[in-house]
Amino acid sequence: MALLDIENLSVSYGSIRALRGISLKVEPGEIVTLIGGNGAGKSTTLRTISGLLSPQEGQILFEGKPIASKSPHAIAANRLIHVPEGRGIFANLTVEENLRLGAYCRKDTHEIRQDYEHALELFPRVKERLWQLAGTLSGGEQQMVAIARALLARPKLLMLDEPSLGLAPQIVQLIFQVIRKINAGGTTILLVEQNANLALQVAHRAYVLEVGKIEMSGPAAELANSDDIRKAYLGGH
Amino acid sequence: MNQVLEHRSAGAAQQTLLEVKDLGISFGGLKAVQNFNLTLPSAGLYGLIGPNGAGKTTVFNLLTGIYQPQTGSLSLNGKNLLGCKPHEVTAAGIARTFQNIRLFPNLSILDNVRLAGQIRIRPKLVSTFLRTNGYREQEAALKAQAMDLLEIFDLQDRAEDLAQNLSYGHQRRLEIIRALATKPSVLLLDEPAAGLNPQEKLALAQSIRQIRDRFEVAILLIEHDMQLVMDICERIVVLDHGVTICEGTPQTVQNDEKVIAAYLGAIADDA
Amino acid sequence: CQSRVASTDEIVIGHFGSITGSEATFGISTDRGIQLAIEEVNAAGGVNGKKVRLITYDDKGDPREAGSAVTRLVTRDQVTAVLGEVASGLSLAAAPICQENGVPMISPSSTNPKVTQVGDMIYRVCFIDPFQGSVCAKFARENDKIKATKAAILCDQTAPYSVGLQEEFEKAFTAGGGTIVSKQAYQAGDQDFSAQLTSIRASEPEVIFIPGYYTDVGNIALQARKLGLKVPMLGGDGWDSAKLGQIAGDALNGCYYSNHYSHEDPSPRVQNFIKLYQGKYQETPDGLAALGYDAARILFTAMKTAPSLSGKDIAAELAKTTGFEGVTGVISMDANRNPVKPAVILEMKDGTPRYVATIAPGE
Amino acid sequence: MSASDVLIEPTSHGVNILKSAAPILVGIALAVGIQFLLPSTVGPYYSRLVIDAGIAMILAVSLNIVNGMTGQFSIGHAGFMTIGAYTAGSITFYSSLLIWGTAAKHGSFLGSGEWMFVIACLCGGITASIAGFVVGLPSLRLRGDYLAIVTLGFGEILRVLLQQTGKVVDNAEIVRNAPLTTFATVPVGGAIGFDGIPKYTTLFWVYAFLAITVIFAYRLKRSSFGRAMLSVREDEIAAQAMGINTSRQKLLAFITAAFFAGVGGGLLAHESGVIISPKDAGFQRSFDYVIMTVLGGRGSITGVMLAAILLSGLPEVLRDFERYRIIIYAALLIFMMLSRPQGLFGIHEIWDFFPRSWKTLPWKKSPREEAQ
Amino acid sequence: MADFLQTLMTALAIGSLYALIALGYTMVYGVLKFINFAHSDIVVLGAWLSYSFAIRALPLVGLDAHNPATPPPIWMTAGIFVAVLLLCSLAGFLIERLAYRPLRRAPRLNVLITAIGVSLLLQNVGQLDFVFGASPQKMPALLPNWELPIQFGQGESIRYVVLPLIDCIIFAVSGLLMLALELLIFRTKFGTALRAVSFNTDFAALMGIPVDRAISLTFMLGSALAGAAGFLYVLKFPSMNQPAHSVWVLLGLKAFVAAVVGGIGNIRGAVLGGFIIAFVEQFGAYYISSNYRDVYVFSLLILILLIKPTGLLGSPVREKV
């Protein structure tokens, strides 16, 4: 059974139709990436899955259960975690408090502690800044906090929206290494990325979204070699 | 109509325009930027790179008066800009875009640009109320200039749409247009390519060059996309922890060990 | 919604008052007094065979609303006469409208002299500040139990009534040889008077004059006693309400206020009114209700004797009022359309006011 | 199509002057029409409501310059109104006493008394705008609710100070012969309010001033000034970075808004059946106007005007409900807020809702055409 | 000297009351970033509910409802207090649910206007005869009338400074509530969650924080605080103004000013502000003139904000550009 199974999903903002009946599946243990141009509806897809938007039609099954009508906090409590575009960190809280909120729905204090140490190991930079107000961090630092925080929820499915946005090359590499590591540790990942080159490198499978529709899908390596994709998204080389 | 836009006659190509010496600021204990030096010639196209949190955006904030520098000096065309308020800096000729887009979301695209353009005119309240002929001419010229600028990025057809209805990539472009409308001599671009896919980035690089040539502005560019930076920048300054660790041509910078260690990482060509 | 133009077999009169907002209790009391008078007169066959109907409009205690309410009464509802308001500021806003349109207006309880100066259509049934101020001052200077030479004043600076009374008291008291040792102010509804009272305490007065409404006086008395201020307190007709005794209890023992009448007055016109009012509303009428009742009744009397129901005739008849036996005293109108009537002084004893003396005008 | 093609279309100066002046002339003609037609057809009560609505519109439209356009949150607008009212009132009252020996109305329509009144209203506007400047200063340092509470404090301070003023001196002889020290008590009536002000306010003056206010506000909104104000509302930092002197814009907004509020106050002071009193400066009155601007929609001038009419009329419509009046009013207010959170017209003006064909009158370009 | 001490003592008691009301304002503001103008009406509700309960409960133990000879047993006083708290939080819950929640995504100014509407509604409903009525009432004493008179001077010039029990209770209760709130907001997971909600409800929901419930809870807590303030207020000032009296609004306003002076959203700031406002008011009225009480308060407010635009303890939020 697929971990996440989306059937014929449509979403609108007022009169603007952002998604026009998309279907996609994420199997346990996979990294699936969603690529597409500006305004294609990638973020909208993630927001709908995590309950921030409600679909007009279609259904979303997570672990076989429908979640489309659930509220975002209930979905997060099911360990379907969304790191939104723009990072979604709490600027008025310290880095440490931000991280702790990641584990808001968990009660297993001891293991939280372990995960906390683990997350800080992944991002030593964050560790230096634990007491700083998160709002004063630089963009890259904020992205690290956002991912570290998501890990503290021990997600079954982690949805990342443009994690490399505004990050230095080195950090981008780091983030993608972390994505691999997390995945190797058993976490399923749904990745939205503008940096299609990198995304297709780490992902197992990929979907291409254009103006609210799935245009193409398949194993990531296959898509990376498709001429159309290269021309449209990878800079033509 | 291009006279409106070609407002600055080309000076000697390598004349120093922006001169920054030993600029520095710290927040609490954190030395965000220290001893930052920069000499930007007119119509130069320089890059400012460095790891996240290195202080790049802070340099922009210092240059534009949003933060007041604690040390150092800053001058444009020999005119001291230290202590100037942000709007005075803009009036003096430095314009910028923001890393986190800051358009006027509920204003139309046209108004976003006109607003920036009006810094160069001095309207009177009375003539505004009476709508005198002078006022009408001023407004017409302003609009014409704005529409011409919008054409650069093909946005003229959407002039009446609200800025918030643009997609992310278009918003980034509008920010650049808006900055240009202030008729700057120095343009500061903070990560203009963020959120664009590789294909779009190529187009953007093209546009940046064209802007430099057509408007003869000097451009200082913050960008994490190395391909773009190395491609279009004449010189590059690398910051790390608020300190300049390297400055030079793309080749020098690319091969500098400190830069590789601090910023580029091992598989730099991956990006 | 009532009919626009009065039908021929009824007489419509208007009342504008604060029946919502901060001063609602004043407007409601007055309205009840008026209603009572109307029921009474209608039960007795109406005025010259015509039933009287009342239209009440709320003015929220806001002068601007008072203006529009009265304009509506006078020009749209075409009332024969207007009753209202308690607060002088509001009466002053409305009076010119009545004057201009030739509709008689009787204010039940606006004590500022200016109100009736607006013109010959404007009357009142309460006494005015100068009279009451001098009555209080005289009492404070001359009463055996007080014989004060030093007085302190605590005045509600938001209420023209209070400010006016304070000025007149001060004038009369200093003219009588006394001195004002402390002048303090509060705002209607204030809960905490300790700063003012502490200040007053330090000035060591022999009497404290509190020209305010009962709604605040009870509180002031309670706090004054807590602070160990034992001197008598003195006030005007704004004190008159059963609520005052309920709130202050024995804190007001030995304090006095001037009023239009005494509840103890055995005369049937007073006792009858109190009985009727209690029967209808299950509470003891306060001074405002009594004044509202009197205002309405004076109006009916004038209507009955007037040759026609035109504003002019009624006003002329009102001006002739002499010896009208009202609950709030025997009323005669003077040349300035102010009632000439005696004041009574009441003493608070364990929460009930007791008759002490009557002071007639000019005494 | 390039923008320049349309714009260089030659228009003669004469046509332009006519275009500029026409709305003002039309407004004043309308005011004359209202003055001479309305009272005779609907009677004094409804005329009065129309006057009240007119004044409310002046106040709300002017407040909209600060709250709606510039995005500064002011709840002290009634304070400006009151300053204007007291200034204008004292000018006409005491000058009348000095000149004509009585404070009664002098002269008929457009007579000498009325001109004195007009000048007094303008003076009211000027003193109010000075106050606007002073109250606007904190806006340079304060944001949002902090500014709101300061403007509210200004109104409350004014209210208390006005309560302490002296009695009105209504005797011409005393006024003529009095030494200046008599005026040290500021004889404007204290708690009871300022009564005796001659009642010059007529439908004509209210609607003439309203026309000017609205045209000013509208032209301001569509001009460089207006855009600059809007940009302050949208994003102050970005506005600064675009070269907008945000401090200047904020002060300008406060000053102009206060000016019109002051003029509105002057009109109010001279309205018959109105006594201006310290209470007018309090925050409750300011709320009324804030409610109008919010209900009208942020920055929509016609929306705000409609809201001003609705909200000033509603309590009158409900008058027959006596004690339930305010309850119903409050319930309706909540209902309107919940059902139209963006305000009556949102950011649009009323004509944005007309069918397209209405707008493309021969002499008018559609917004899109104009833009291109 | 005695007068000085007396003024000081009153200032402390009144400051505590302001602080208590300010805490509620600050709490709601801290989370939802809007001035809940209906907060003062919950104080009024608390006050009048206390009265209504008291006059019904007192006869049960054989006391005169309006003028009890002795205070009722302590359990009854406590019972009334708890009942008032519960009903006030229920009212807060309902108001939020019905009037504010539908506007969660609307501009804050709209919520503010709605709050003004709610406030008007509550006031005028409260004033109806079959609710609380439009006349003032006297709150029966629910606590022993103990006071500690401190004597100054001798013979003729003898003076007392009075320290009533109720003042001590008010002081203690606001102190405790402040501490409890501070701990709740800064030391518990729920508090962190609340602060997250106050920053961005969407992001908070993505953390699994039940946003609606958190906001409801904030309102209930804030309203309970208001209820407590209303209860204590009428015990201290037993002569109660009618529910629609504008003075209640002014009381709420001053408490809000206190919150702003201290730095709105800041719990310690609310308490500090409460005391500062009360001190200025009391000492100004005593030493300068009682005519200008409100002028002192608002001038101080303006002065403080001009010097420190985010209030005394408010942290200057420097927006990162």
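Observations on the model:
As written, the chain order gives the labels A, B, C, D and E, with residue 1 at the start of each chain.
By our rule, contacts are C-beta pairs under 8 Å (C-beta built on N, C-alpha and C of every residue); 3 or more make two chains touch, one makes a residue touch a chain.
What you are looking at is a predicted structure, and each value in this text was computed from that prediction instead of being measured.
Shared contact partners of subunit B and subunit C, listed by label, are D, E. Counting steps between touching chains, the shortest path from subunit A to subunit E takes 1.
The chain with its Cα centroid farthest from the Cα centroid of subunit E is B. Of all the chains, the one whose CA centre sits at the greatest distance from that of subunit A is C. Inter-chain centre distance (subunit A to subunit C, centres taken as mean C-alpha positions): 75 Å.
Each chain gets one centre point, the mean of its Cα atoms, and the points for subunit A and subunit B are 31 Å apart. Between subunit D and subunit E the centroid-to-centroid distance comes to 35 Å (mean Cα coordinates, whole Å).
The residues of subunit D that reach two or more other chains are 163-164, 237, 323, 326, listed in rising order. Residue positions 19-21, 157 of subunit C are each in touch with at least two other chains. Counting partners per residue, subunit E has 124, 127, 246, 291, 293-294, 321 as the residues that reach two or more other chains. Inter-chain contacts, as defined above, occur between A-B, A-E, B-D, B-E, C-D, C-E, D-E.
Across the complex, subunit D meets subunit B through its residues 2-4, 7, 13, 16-17, 19-21, 215-216, 219-220, 223-225, 227-228, 230-231, 234-235, 237-246, 252, 256, 347, 367-368, 371-372. Residue ranges of subunit E in contact with subunit D, taken from their complex: 29, 34-35, 99, 102-103, 106-107, 109-110, 112-114, 116-118, 120-121, 123-125, 127-128, 246, 249, 253, 256-257, 260, 264, 291-295, 297-299, 301-302, 305-306, 309-311, 319, 321. Residues 50-52, 71-74, 76-77, 81-82, 84, 88-93, 97, 100-102, 104-105, 135-136, 149, 153 of subunit A are the ones touching subunit E in the complex.
Listed in rising order, the residues of subunit B touching subunit A in the complex are 27, 49-54, 57, 99-100, 167-170, 191, 194-202, 224, 226, 262-268, 270-271. If you check the complex, the residues on subunit D that touch subunit E are 67, 73, 138, 141-143, 145-146, 148-150, 152-154, 156-157, 159-161, 163-164, 237, 283-284, 287, 290-291, 294-295, 298, 323, 326-327, 329-331, 333-334, 337-338, 341-342.
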